[in-house]
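What follows is a pair of complexes built around chain A, which joins chain B in one and chain C in the other.
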Partner chain A sequence: MGSHLAFVLALWRTNLLSAMEYRVSFLTQVVGMMLNNAIYFVFWIIFFARFEEINGWDLVDMFFLFGVVATGFGAGTYLFGNAVRLSSLIASGQMDYYLSLPRPVLLHALASRSNASSAGDFMYGLLSFGAAVIFSGTFNGLMLLRFALGCLASIAVLISFLVLVQSLTFWIGNTNLLTTNAFNAIVTFSLYPITLFDGTAKLLLFTLIPAAFIGALPAEFVRRFDLLQLAQICAGGGIFLFLSVFVFYRGLRRYESGNAIQVRM
Partner chain B sequence: MNAISVRNLRKTFQTKRKAAGLRGSLRALWKPAFQDVEAVRGISFEMEAGELLGFIGPNGAGKSTTIKILTGILHPSSGEAAVLGYVPWQERQALAFQIGSVFGQRPQLWYHLPAVDTFYLFGKIYELDDGSLKRRISFLAEAFEIEELLETPVRKLSLGQRMRCEVAASLLHKPRVLLLDEPSIGLDVVAKQRLRMTIQRMNELEGVGVLLTSHDAGDIETLCRRVIIVNHGEIVYRDKVSALKRRYLTVKTVDVRYNEQLAPDFRLPGVEMLKVGRYGAKMRFDTRITPVEPVISGLAAAGSLADVTVSEPSLEDVISAIYARTEA
Partner chain C sequence: MRTKEANVLYPEGRVRDPSAAAVAGKYWAIFRTQLLNSLAYPIDLLGRSLLIILFMWIFMNLWRVTYGATGARSIAGLTLADTMWYLMMAEAVMLSKRDLSETISEQVKDGSVAYLLNKPFNFILYHFAAGLGGSVLAFGGNLIIGTAVVWLMVGPPPGMTGWIFAGAAVALSWLLDFCFSALIGLSAFVVEETNAFRWIYQKFLLLLGGVLIPLDFFPAWLQTVSLNLPFAWIIYGPARLFVDPSLARLGRVFLQQGIWLAVVGGIVWFIYRRAAARLVINGG
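Now for the complex of A and B:
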């Protein structure tokens, strides 16, 4: 376990060194993504200025929601940057590299790339959480702990969902379009107040498109402690993590490699 | 003890078939058709510990598929294989600590970083402690003459320099077997020669066994004592490189020049005349049919010799002939 941790830390360090080779590009992407998120949030500020709340959710909830989702999404796709490219890695035979080295293939593949723009999401998420704390007027060490736990659960479900969808590549070939749609769906639905949905839609958000585990559920848990919610986010994270690893390795047996000329960035 | 042992290895891929054009695409959408392609057809061979074994064949012969099965990248359809006692597709991680691999078309060095950064990452991947890793990097840098290249971003290196760094990276953990898939692809003559020398040197210094696939007969001729030739997924020839030469390099071409005019009807028994001029001739004979001595005597008797060149076909020509024979 310690050896795997040292290996992953070394991978992240190498990713950082690679990103720092192009400082200006790195900084531009970080700042650009922060601005992009801020502009998107302006919509909710205007909305809540007019309607105050949606079924019990107010602007402060939205700050908590964006705090958890952006921090989780940013950290997840920064540390496991290949989670959004797994499908093309499989389809183009690029898993060969990870299979030829003595490390867990999925972990190695996911952590071998960092998205610079994700650092912008991460920083925006922290700022949003800071704003949520200020506007809610409640802050203590436990809230910080709940925030860290909520973000971890969010990362686990997000990355697991992306791995699950893209593992279908092993069976059905190219899933780039499916991946793009699934990615947009999970991000979009995780950034909406959960109180907007009920019945089948809500069921979908806990199962097929598990956006509730990435956004609403951990965000509510961060705002106020609830043992049931803690159990739900832990169970959600654990189940999706297990499923994604299981499906990926089942699919890996069908991996067919390829002959495309490649470059390691 | 055998480093690699392969028994009746087979690999079949299923590929989609589609007729040309829109109609073909629509039909494939409605009723897709698949075809089994046998990339490897019952290959069996052994490689001894510390041996340099050449594994050559044309495109699509099954070389890379075999190497990928032996590194644990692909599962075979049937058959058995053991590399250093490990079944590659079942014990991939344990095996990867013991072997190194280089795929000419799949760089493992990080493109934007100096090679030394990848070396340090590999140190963590192979669980090497910092002290041993530094000593190993220093040793390999000297052996591969890459001291000056280690701190240059990989994207700025020439292909030959990069490939030497690639092979050095694959040797960081002192593997007992090195699987090289087309390491010399795209290299110029000088770069090829340097790479061959370093591979040979590491074999001599550390006894690392090398299974080398290549399109380039020169790689095999320079490095390997034994060669396996594959075509269409099957082994079509296996023996020592020297035996291959003895068996197939029997055709000699002679280019001769005289100080005086040759007789217009100049001929030698058992020799095929390719070209006869006023002051010289070019001819070919097979030493299995016509001994060398009467040919040389006949040439000397024909006039005052100015120059004689005897050449034999390149190993590449011989291998092409073997491919052609198996095609037939």
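Now for the complex of A and C:
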């Protein structure tokens, strides 16, 4: 376990050093993504300025929601950058490289790449959480702990969901379209108040498209402690993580090498 | 600089200008090729159109709850049905437009622009014709699926006039959007990283263009600002025409689209000519 951690830390360090070779490009993407998210959030400022609240959710809840989702999404897709392109690695036979080395294949493949723009999402998430704290007028050490836990659960479910969907490539071949639609669906749903959706839709958001575990549930938990929500977050993260690892390795048995010569520099 | 497609050699070596029909025919062929290419992958086309169901479902939940909470039958002159049909048209335009900025930017950065510049067509018009070929079918798919979904949710769509007026305005919307895409793509001649510009432009369309919310719901000052920017005339103009078609509104949309096309298109043309003249190719 310790050697795996040291290995992943070494990968992340290498990714960071690689990004720093193109410092201006990296910083442009980080700042650009923060601006991008901020402009999007203006919609909710305008919306709540006019309508005040929807089914019990107000602007402060949205700050918490964006805080958790952007931090979780940013950290997840920065640290495990290949989670968004796993299907193309599988389909094009690029898993050969990871299979030939004595390291956990999935972990190695996911952490081998970092997306610069995701660092912007992460920074924006922290700022949004800061704004949520200021506007809610409540802050203590426990809230910070809940925020860290909520973001970890968010990362676990998001990355697991992406791995699950793209693992289907082992069985059905090209899943680019499915991946694009699934990615759009989970990100979009996670950024809306869960109180908008009724029973059936809610069930969908806790199962087939687990956006509730990425956004609304951890965001509500961060705002106020609830033992049941804590259990749900931990269970959701654990179950999706287990499922994704199980399905990926089952699928890997069906993997066919591309026999392509690959050079990694 | 004389554009390459405008020059055709006579057998004896003199140069003559081809007819406008010949030039138009060339870009029509590019448009048609792209159209046929999109038709070759119907599942892909259908799959991409499914996204509109997701957005319409979320919007329906959001605005049904919002209208219910206010207790008003209409907000800023729009009923729930008007708002949903507006959003359907806005999303159909947004989801069908082809973002060519990334393609252009990559071609500038990896140098492949050099191979396109010496072809017998204009680099910018080539991309526009190809992009339009992809947009037309995607728009059709989004309209069919979007209409079916929203009809089930809130009842029948606006009358035929709305479809015709909005359809005419959408054509100019694509042209205006393409000018912005080209501007972002060509910025790769100057800056290393163009992604940030692309993201921010997309968000301006979502917010100030009126994809997420009709501009009528904005506070008065922000509405004035938005209507004086080009983004509103890419999305809001056609979508609002769809639910409230009138000749006066159509005239205003065309006028604004025309003005912004002249401004942004002029900037694109100027930058393209300067960039092409300064292009340095190393190796081959």
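Simple rule for what comes next: the second predicted complex is superposed on the first by the 258 of 265 C-alpha atoms of A that agree within 3 Å, B and C clash if a C-alpha of one lies under 4 Å from a C-alpha of the other, contacts with A are read in each partner's own complex, and residues count from 1 in each chain.
As a convention for this text, a contact is a pair of C-beta atoms (placed from the backbone, for glycine too) under 8 Å apart; a residue touches a chain by one contact, two chains touch by 3 or more.
Note that the structure is a prediction, hence the values are computed from the model and not measured.
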{"item": "Contacts of A:S257 with chain B and chain C, given as first, second, both or neither", "value": "first"}
{"item": "First, second, both or neither for A:G32, with chain B first and chain C second", "value": "second"}
{"item": "Contacts of A:D96 with chain B and chain C, given as first, second, both or neither", "value": "first"}
{"item": "Touching partner for A:L142 - first (chain B), second (chain C), both, neither", "value": "neither"}
{"item": "Partner chain in contact with A:L227 - chain B first, chain C second, else both or neither", "value": "neither"}
{"item": "Which superposed partner A:T14 touches (first chain B, second chain C, both, neither)", "value": "first"}
{"item": "Doubly contacted residues of chain A, that is, touched by chain B and again by chain C", "value": "22"}
{"item": "Chain A contact footprint on chain B (complex, rising order)", "value": "13, 64-65, 68, 71-75, 92-97, 101, 103, 105-113, 117-118, 120-121, 123-127, 153"}
{"item": "Residue numbers on chain C that touch chain A, as the complex places them", "value": "43-44, 47-48, 50-51, 54-55, 58, 61-62, 65-66, 69-70, 191-193, 195-197, 199-200, 202-204, 206-207, 212-213, 217-219, 222"}
{"item": "Residues of chain A that touch chain C when the two form their complex", "value": "22, 24-25, 28-29, 31-33, 35-36, 39-40, 42-43, 46-47, 49-51, 53-55, 117, 177-178, 180-181, 184-185, 188-189, 192, 195-197, 201"}
{"item": "Residues on chain A engaged by chain B in the complex (per definition of touch)", "value": "3, 6-7, 9-11, 14, 17-18, 21-22, 95-97, 99-104, 253, 255-257, 259-265"}
